[in-house]
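Each of the next two complexes has chain A plus one more chain, namely chain B in the first and chain C in the second.
Moving on, here comes the complex of A and B:
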C-alpha cells in the first residue's frame, strides 16, 4: 500500500511542472551558494599562501645578508641597519601563524569575513588587539553572506513548505480526497507516504546538487560531507514535520500557507535576532573607546617612568641582567619599551578581561538559547563543521597570542644578553603549529534538531489520533 | 446490501438526521429525493464513515460502518457530485491506483476492459485526467466501482451538471451495475431519472424519511405532485 502511494505520488510530482521549476531554481541557488563559498575559501587560502611565500623569500634574503655581515663580507652603514639585530628580525620577520581552511569551509562563511586568517608575531605593538578584528564586534548570529548555510537555514525551509503546504488541503479542495478516503486506506499512512516521497525528492535533490557542484569545483569528498548532508536532512525533516502537523489540522491551502510562513518567520528570523539582541542587552561589550582611553593613560604613565620601570624590571628578572655592565646594551631603547609593555599589560589587563568575559558570556548565552530554534542550531552546526564558528576564531586568536609570547621569549632574553643573530640561529627559531583545539559540537546540534522533528511528529500523531475524518473533509 | 437502522446525526445539538431507517437490497437502486439540507448527503457520508452517527447504525452487508470502516469501504464504491481524480495521472493510472487501494490488482488489459465497459472512449484512456470532462470522470468512477467489484454503490447527485446524453449513458451504467447485483443508494434532484432508473424512491425532509415506495407504484406526475406537497 505504502509503495503504491509512493509510486503514484512520484508520477504526479514528476509530471508537475511547478515542482520541476522549483527544483531547477533550487539547483541554481545551491550552485551559486557553493560557488560563492568556495571562492571565499580560495581567496583565504591564496592570502595565506601569499603571506607564507613572501616570508620565505624575505627569510632567504635575510639569511644571506646575515651570513655576509657575520663573515665581514658586507657593510651596512649605520648601526641600526645591521641585519643581525635581534630587534629588527623579531619585529619584521615574524612567522606566519595561519588558520588554513578546513575541508568544509565553503559551507558557511561564519565569522571568516570578520577575522583575519593569519597573523605574524611582533616584538612590539599590536600586543593587545593583534589586528584580529574590531574589538566591539558583537556575537553575530545572522550573516548576509550567500553561502550554503544561508541557503539551507533560510531558503530550504521555504522550498520544503512550498513543496508540501497543500498536500492534504489541495486534495480536499479539489475533491479527490473524498474519493481517496472512500477507499479502505488510512489517511495517516497515505499522507505519510506522500510526504516521505517529497522528502526523498528534496533530500535527493540536495545530495545530487551538492555532489555535482562539488565535483564541478573540484572540492574533495570527505566524511564531513556525509555529516553535513545528515545535518541538512534532519533540518529538512523538521520542516516537513511542521508541514505535516499543519496539514493534519485540516485548514485550507491559504490558511496553511499563512501559518507555515508565520512559523518560518518566527523560527528563522525572529527567534535568532531576539536571542542575538538580548545577548547584547544582557551582556553588553564594554566600550572600545574606554578601553583605548585606559590603554593610553597607562602608556603615557609607563613612558614617563621608563628608566624607573627598567630598574625594577631588572630587579624582578635578575636572570636578564647584562653580564658585562660596562658595555652599553645596543637594544637599550627596546628593553625599556618591553619593560614598560609589561607594566602596561598589567594596567590594561582588567579592561581586556572584561571585554573577553563579556564576549564569552554572550557566546554562552547564545549557546544556551540556540535550542529555541532549529535555524540557530543548524547555523551553529554548519559553522562548526565548516570550522568558521566563533569558537574556532577565539581558539585561533589564543594560539596566535600564545605563539607571540613564544616568539618574544626567544628574542627578549637574547636582547638583554646583547647578542646578535647568526645565520644558523634562523633554523632554531620557534615554528607556529596551529591546530584547532575546538571540541566539535555539531553532533549535539544535530541531535537537538532531531529532537525538534521528533516532538513535532509526536504532536502530529496525537492530532491524528484525536481527529475524525470530519476534520479533513469538512469544507 | 445496505441498511440504515434508526440513523441519527446532530451537529452541536442541531439534528441533521432524525432516526432514518431503510434498506437497499442486492440489485436495488434506492433514490433519495429532497431539498438541499434534507439530510441526503449526511446519510451517504454516514455510510462512508466520513462522519460518525450520533445514534443508530449504517450497515453494509451487516457490518457497521462506524465500527469497521476499512472493511466496509472495501465493499463500497462512491461517486460524488463532482468526482475528482488525480489530474496528473491518466485514466488507466487512476483506475489502477484506486482499485489497488481497494486491494484489487489487474493487468493493464483488464483495466482497459473496465474503462471500456464504463463507456470511456479508448483514445482517452492514456490521457491525463486534467483534460477530462465531468462525464468522462464519472465514467472512470463507474470503472472503479466495476473493478473494485463493489457490492454497494453510493452516489451523491451524480448526474447534476451532466448533459442529457451523458446523463442517459450514466443511467444505463447504473442499470448494468444493478443487474450485476450491486445495491445502489443515490441522492438526486432528478425526479425523471429517479423514476426511470430507480427501483425504490425515498423522499427526505428536515432529516426525516417522509416517503418510501417502489417505482412501479408511481409515475412521474404523481411523484412530482407528492414531492412538491412535502416541500411546501
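Moving on, here comes the complex of A and C:
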C-alpha cells in the first residue's frame, strides 16, 4: 500500500508544471552561486600563487647577488646597499605565509571577504600592526555574497515550502482526501508517504544539481561533499517538518502559505538579526578605541625610558653581545631599534592580550546564541566546512604572528653577531607551514539542526494523535 | 467615491488578524531597534569623544623631542558618528573607525567592527534600516497581495464594476488604503527617531530636514511596493499565486539583486589585494613615480640645485636645516605616490558604484538603500571623505613639524628638541563632514531612478487595474 501511495504521489508531483519550473530556477541559482564561490576561490589561490611566485623570483635574483658579492665579483656602492645585509633581507624578503583555500571553500564566503589570505613577516614593525584586513568595497561586504551558503540558508527553505505547503490542504480542497480516506488506508502512512516522497524529490534534486554543477566547474569530489550534502539534507528535513506541522493544523492552502512564509521570515531573517543585535548589546565587543589609548600610553611610557631600557636589555642578553668589540656592529642602528621594540612589546603586550582575551570571550558567548535558529546553525556549519569561519581566520592570524617571531629569531641573533648572509644560508631560512588548527564544529551544528527537526516532527506527531481525521475532513 | 473605497478598505484591513499581528510585530521591532540603536549610538559617541580627547592629550603631553620623532609618534583620527546613523548604520560596520597618522605613511582606517564580530553579525542587525528596508515592504505585500484578487474571488468586483466605478478610482482608493497605515507607521518612526535624536546631547549636529528627505525616500520606496502589489493582485487570478509572485519579487529585489550586483561589480572592477596595493606603492617609492627618478636620485638633484641657489658648497652652510627640508620634500614626494594609488582605488570604487546605479533599474531596493545611507552620512562616500580629510591633516601635521625643524635648527643638529609649545600650536583634527548639498547633488541620480520606479510602477498598476478581468 505504501508503495502505491508513493507511486501516485510521484505521478502527481511529476505532472505538476510548478515542480519543473521550480527545479529549473533552483538549478540556475545553484549554478550561479557555485560559480561565484569557485571564482572567489580561484582568485584567492591566484593571488597567493602570484605572491609566492614573485617571492621565488626575487629570492633567486637576490641569491645571485649575494653570491657574487660574497665572491668579490660585484660592487654595490654604499654600505647600506650590500645585498648580504641581514637587516634588508629580513625586512624585504619575508616568506609568504598563506592560508590556502580548503577543498570546500567555494561553499561559503563566510569571513573570507574581510581578511587577507597571505602575509609576509617583517623584521621591523610590531606583529600587532601586520595588517589582516583585505581591501574591499564595504558596500559589497554589507550586501554579502551570492554563494552556496546563501542559496541554502535563505532560498532552499522557500523551495521546500513551495513544494509542500499544500501537502494536505490541496487534497482536502479538491475533495480527494475524502476519497482516499474512504479506502482501507491509514491516514498516517498516507501522509508519511507523501512527505517522504517529496523530501526524496527535493533531496535528489539538490544532490543531482550539486553534482552536475560541481562537475561542470571541475571541482573535485571529496568526502567533505558528503558531509555538506548531509548538512543540507538535515536542514531541508527541518523545513519539511515545519511544513508538515502546519499542514496538520488543517488550514487552507493560502493560509498555509502565509504562515509558512512568516515562519521563514522569523527564523531566517528576524531571529538572526535580533540575536546578533542583542548579543552585542548584552556582551558588547570590547572597545578597540580604548585599546588604542591604553596601547599608546604604554608605548609613550616605554619610549620615555628607552635609554635605560636598552642598557638593561644588553645586560639581560649577554649572549647577544658582540664577540669582537673592536669592530663596530654594522647593524647598530637596527639593534637599538629591536631592543626598544622588544621593550615596547613587553609593555604593550598585556594591553593586547587583555583585549584579545575579552574579544575571544565575547565571541564565545555570542556563538552560543546560534542555537536559536537552524539558519544560523547551517551558516555556521557551512562556514566551518568551507574553512572560512571567524575561528579559521583567528587561527591563521596567530600562526602568522608566530611565524613572524620565528623569522625574527633567525635574524636578530645573527645581526648581534654582526654576520652577513651567504647564498647557502638562504636554504636554511625558516619556512612557514600553515595548517589549520581549528577543531571542526560542523558536526555539532548538524546535530543541533537535527534536534530542531526532531522536535518539530515530535510536535507534529502529537498534533496528529490528538486530533482526529474528521477534523481535517470537516471544512 | 475614492473616500468611500479608502474607508471600506481601511476597515477591512484593520479587521484582519493578519494585519494586526504584522503591525504589532513591526512596531515592537522598530521600538526595540531604536532603543538598542540609541544605546549603542550614545555608547560609541562617548567612546569617540573620550578617544579624541585622549589622542589630543597624548599628543600634547608627549614631552620634548625632535619634531620629526613626534611626527613618527603621530596621532589618531577618529571617525565621528552622526545622529542619523541611529536610523541607518550603512557601511559603518564594514569600514574602519580610526586612522593612525604618522610620518611617511598613509594608513588605512583600522578596526572595522565586523572583523571583531562573529559570522552571526553577517546576517545583519536589527537596526531601524533593516526594518525599514526589508520588513516594511514585506508588511506591504502581506496587506496588499489580495487587495484586488480578494474582491474578484468573492465576486464583489463584479458588483462594483457593474455599478460603473472607474478603474482609476478603484486603483487610487486601494492604493491610499494600503499607503495610509504604512505612511503613518513610517512617519511615526521618523518622528520618534527625530525626537530621540533631538534630545541627545550633541543636538548641534542634528537638523530636521535630512530626516524629512529620508522619510520621503522611504515613502517613495514603499510606494513602489504598493504599486507592484496592486499590479500583481489585479493581474493574477488567484490570491495565493499573487502572494507567491510578490514574495518572489521581494526576494529578488531585496535579497538576491544586491548580492548579484556585488558579484558583477567585483568581477568587472576588482580591487587589488591589500598586499598588492602596498607593493605597488613600495615599487613607486623605490623606482620613482611616473617615470621620474627615484627619490634617491631626485634628492641629489635637489641638493645640487639648493646649494647653487644659496651659493654655498655644503649643506652645513645653508641658513636652514637641510635634513628637515629634505625630509619635507621627501614627504611631499611620498604624498604624491599615495595620492596616485588611492586615486586608482577611488576610480575602481566609482566604477563599481556605476554598476550599482545601473542595476538599480532592476531593483528599487538599490537606489533606496544608497539614498538612505548617503542621507545618514554612513555610505562609502562619507568614509572616503573622512579618509581624505585625515590625509590632508596628516600632511599638514608632518609639514608643520618638519618646518619647525627647518627653521629652528641647523643641519645635522639631530639633538634639537621641540616641546609642548609646538605640539599645542598644531591644531587638533577637526573633521567637517560631507555637506548635505553635495550629498544631495551626488545622489540625485539615485533619486531619479527611484522616482522613475515609482512613476512607472504606478502607470503599470493603473493599466493593470484598467485591463483586469472581472471574474
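Things to note:
As a convention for this text, the second predicted complex is superposed on the first by the 434 of 475 C-alpha atoms of A that agree within 3 Å, B and C clash if a C-alpha of one lies under 4 Å from a C-alpha of the other, contacts with A are read in each partner's own complex, and residues count from 1 in each chain.
Methods note: a residue touches a chain if its C-beta (ideal position, glycine included) is under 8 Å from a C-beta of that chain, and two chains touch if they have at least 3 such contacts.
In this text, all values refer to a predicted model and were calculated from it rather than measured experimentally.
Once chain A of one complex is fitted onto chain A of the other, the partner contacts of A:6 are absent, as it touches neither chain B nor chain C. After superposition on the shared chain, chain A has more residues touched by C, the comparison being chain B against chain C.
In the superposition on chain A, A:426 contacts neither chain B nor chain C.
Within the superposed three-chain model, A:263 lies out of touch with both chain B and chain C [touch as defined at top]. When the shared chain is aligned, chain B comes close enough to touch A:185, but chain C does not.
Within the complex formed with chain A, the residues of chain C that make contact are 18, 29, 32-33, 36, 39-40, 43, 47-48, 50-51, 54-55, 58, 62-63, 73, 76, 78, 90-91, 93-98, 108, 110-127, 130, 134-135, 138, 142, 239-240, 243-244, 247, 251, 255-256, 258-263, 265-267, 270-277, 345, 349, 352-353, 356, 379-380, 383. Of all residues in chain B, only 45, 48-52, 69-71, 73-74, 76-78, 80, 82-89, 93, 97-98, 100-103, 128, 141, 154 touch chain A in the complex they form.
Touching chain B in their complex are the following residues of chain A: 1, 4, 8, 11-12, 15-16, 174-176, 178-186, 468-470, 473.
Interface residues of chain A, counted against chain C in their complex, comprise 32, 36, 39, 43, 47, 51, 110-111, 114-116, 118-120, 131-146, 150, 154-155, 158, 162, 253-254, 257-258, 261, 265, 269-270, 272-281, 284-285, 287-290, 292-293, 296-297, 300, 303-304, 359, 363, 366-367, 369-370, 375-376, 379-380, 383, 389-390.
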